[in-house]
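Got some structures for you, see below.
There are two complexes below, and they share chain A, which is joined by chain B in the first and by chain C in the second.
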Partner chain A sequence: MIVFENVSKSYLTQKALDNVNLKIPNGKIVGIIGENGSGKSTMLKLMAGLIRPSKGSVKVNDIPANRKVSEIVTYLSELDAYYVMYTVKQTINFFSTQFKDFDLTKAYKIMEFMKLDPDQKVKNLSKGNRGRLRIVLSLARDVPYIILDEPFSGLDPMVRESVVKGLLSYIDLERQTVIITTHEIQEVEALLDMIIVIRNGRILDMKEVEHLHEKEQKSVVEWLKKVYEAS
Partner chain B sequence: MDDFQATKPIYMQLVERINHKIVRNELRAGEKLKSVRDMAVESGVNPNTVQRTYSELERMDIVETKRGQGTFVTEDEMKLNELRDSLKNEHISRFITQMADMGFSKDETVKGLQDYIEQQEVE
Partner chain C sequence: MDSWIGLLKKDFLLMKNRLLVFLLIDLAAFALGWYLHIREIGFVQQPELNWVLYDNNDLIKFIPLVIAIGIHVLFIGNYILMSLNKEGKQLHLWLHNPQSAIVLLGSKLVNGFIALILSLGLLIILTTINLIPFLSEVSFYLGDLTKLLLYFVVNIIFLSLLIGICFMFFWTIYHVLKSRIGRWSVLVLIILINLFIWMFVSLESTAVYNQLVQWGEYKLEFSTLESFNYSDGEFDQMITNYLGKNLFDTIFALLLFVISAWVIEKKVEV
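On to the complex of A and B.
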């Protein structure tokens, strides 16, 4: 479980998160939705232990989320400039030397599934293919928490479908929890167990997607409108 | 990937789709259902949702899960006939309700149905 307790985060004078309280259960696919600048990336970075809260605490499986949490959380925001001279295959091989839980065979399998050319240089990859390489690198690690930042953004529908299928093929919800941020809400509605809405650094609501269908007869998009209007 | 309505739980929509396949004999008595993962990948649906679909079908006695082997359509003909009847009644009831809503009497509806079927047979 990932627990945010009274978490605030400020950058200089700007407040990115404002007293967030949240419990994300294990074994789910959870979507975080919010506009640009709403605090989504700050939340992900806190879970991954890349930044520390200004106030409050973030814990992953009862462990405070600091640099060490990367042993149980995988999170890749962007591929560093460092990799651009590497080919896809070289990048994957390099990652396998960096994480002892990295499954090289699985990485190659996902790479094939995502139709990535192993010999292409990372710097020559399209934005969509770069996103897919990040997914390969994330899913090949055998860790309980997988965090994906905008895995579907900038992808055309066919590619998005292959990414969704890749994700479903290579995660194991009996042992893993997946947290994604997304703008493409409608297209991934069937993929998500839960949805968290964030605006101006505050959590507006958190719901089970099937609960919305069953109890409110609403799609996520319809529900979002309602939540935004009420805020 | 499949499309789903937003006004009904996705797990129930999957239950209905599997039930229809069984009634149409696309899935036969005793036949194995796809694994949860394969079904999830094929339809683009969360594996927890597919698991819930299978549990619901099990609760309805339409499928059985055999440990370590998978989930199978029941071989109990009585259960399968019940399923057939209940789908039939469900569709008829929806049709009758819609006809009544439009102001047709029961007799008009029955007559209309008979005429329609006869017409179809002639063609």
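On to the complex of A and C.
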């Protein structure tokens, strides 16, 4: 379980998160949604141990989230960053040397599924294919937590579809929890078990998607609008 | 072990092109020496023994190479800084890795060291090529000349490592400052570097420091070079050093390295 306890985070004079309390249960696909600058990426970076809270604590499986948490968390950044000197295959091989849980066979399988050319240089890949490669690198790890920051950002519908299919095919929800931030809500709505709405660094609400659909008869977007209007 | 080799390979490939540029600069220093030499004598002559031995212009061939070798005290520092700056542009990619910061920085340092050896090795080969016509004439001094060269090379490597670790330390400090004070970080870093140098220089002039490091004296004698009659006949006692000083510098470098790793582990944010 990932637990945020009274977490605040500031960058210089700007407050990114304000006293966030949150428990993310295991074995779910959780979407974090909110407008730009609402604090979504900050939350994910805290879970990945790449930044530290200004106040409060973030724990992953009862362990404070620091850099070491990368042993049980895979983090896909919103940024389009790679080691450009590598080919697709070399990138995968490099990651396999760094993470003990990296499943090379699975990585090659997802690479084929994503129709990536293993011998193509990463710097020569299209943005869509770089997005696919990021998914390969994230899903090939056998870790309890998969954190994806804007995996669909700037990708065309075809690529988005293959990413969603990749998520459906290669995640084991018996053992894995996925936390995803996105603006393409409709694209992932069918995937999500739980949704968290954030605005100005504060959690506005948190709901089971099934409950939303069945009891409230609302789509995530409709519910999001309602929550935002009420805030 | 795979993770360490993977990191080393990645860091090497990351800097491969820069290393090639450094090696080309070494070759350019060699070419420059020859260019200056040829310009000095006005035309290209066949290297006859008399001409080679008695033409003072021949020395000019060595000057760019010697300068290039000397500049190598800053080699590892620059190399590491370039490599770290490449990582700095995509910090999450570098830091989202279960290897400890000591391993991440260690890979940079080892790569810098290997690159230094390659570059310095090339310069020594080029210097030796220039020396070949003189070999029969200097054969009497060859042992001491080699010893002297080895002493300077070892010192350059040691100093380069020390400066490299200092650069690494200030790079980590800069990244901490950047996330805390933003645009003031460069100014504060410059002040901190000056303070650091001032403290180090002040420390070196204290009696306590001298007592601490001036033990285990060793001298390097170059008896055959005495006949060069460069100075007052004390050439054989020209180089005196202290094991204490070497140990102090080593501990200081190790301490800075560990602090840098700690800062990355605990303070640097992406």
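We take it that the second predicted complex is superposed on the first by the 226 of 231 C-alpha atoms of A that agree within 3 Å, B and C clash if a C-alpha of one lies under 4 Å from a C-alpha of the other, contacts with A are read in each partner's own complex, and residues count from 1 in each chain.
Just so it is clear, a residue touches a chain if its C-beta (ideal position, glycine included) is under 8 Å from a C-beta of that chain, and two chains touch if they have at least 3 such contacts.
The structure displayed is predicted, hence computed values, not measured ones.
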Exercise for review: Using the overlay on chain A, decide if chain B and chain C clash or can fit next to each other.
Suggested key: fit
Check your understanding: For A:Glu210, is the partner it touches chain B (first), chain C (second), both, or none of the two (neither)?
Key -> first
Practice item. Could you tell me if A:Ala48 is touching chain B, chain C, both of them or neither one (first, second, both, neither)? Key: second
Check your understanding: Between chain B (first) and chain C (second), which, if any, makes contact with A:Tyr86: first, second, both or neither?
Key -> second
Review point. First (chain B), second (chain C), both or neither: which does A:Phe99 touch?
Key: second
Exercise for review: With the two complexes superposed on chain A, say which partner A:Tyr228 touches: chain B (first), chain C (second), both, or neither.
Suggested key: neither
**Study point:** First (chain B), second (chain C), both or neither touched by A:Leu168
**Key:** first
Review point. Under the superposition described above, what is the C-alpha centre angle at chain A formed with chain B and chain C, rounded in steps of 10 degrees?
Key: 160
**Study point:** Contacts of A:Gly27 with chain B and chain C, given as first, second, both or neither
**Key:** first
Point to revise | Superposition-derived minimum Cα distance between chain C and chain B (Å) | key: 28
Review point. Can you pull the chain A residues that chain B and chain C both touch?
Key: none
Check your understanding: Which part of chain C faces chain A closely enough to touch in the complex?
Key -> 2-3, 5-7, 9-10, 13-14, 16, 89-93, 95-99, 101, 179-182, 265-266, 269-270
Exercise for review: Would you tell me which residues of chain A are touching chain C in their complex?
Suggested key: 11-12, 45, 48, 50-52, 66-68, 70-71, 75, 77, 79, 81-83, 85-86, 93-94, 97-100
Revision key, fill the gap. Within the complex, chain B is touched by chain A residues 27-29, 161, 164-165, 168-169, 173, 189-193, 209-210, 212-214, 217-222
Check your understanding: What residues of chain B sit close enough to touch chain A in their complex?
Key -> 1-2, 4, 6-11, 37, 40-41, 43-49, 52
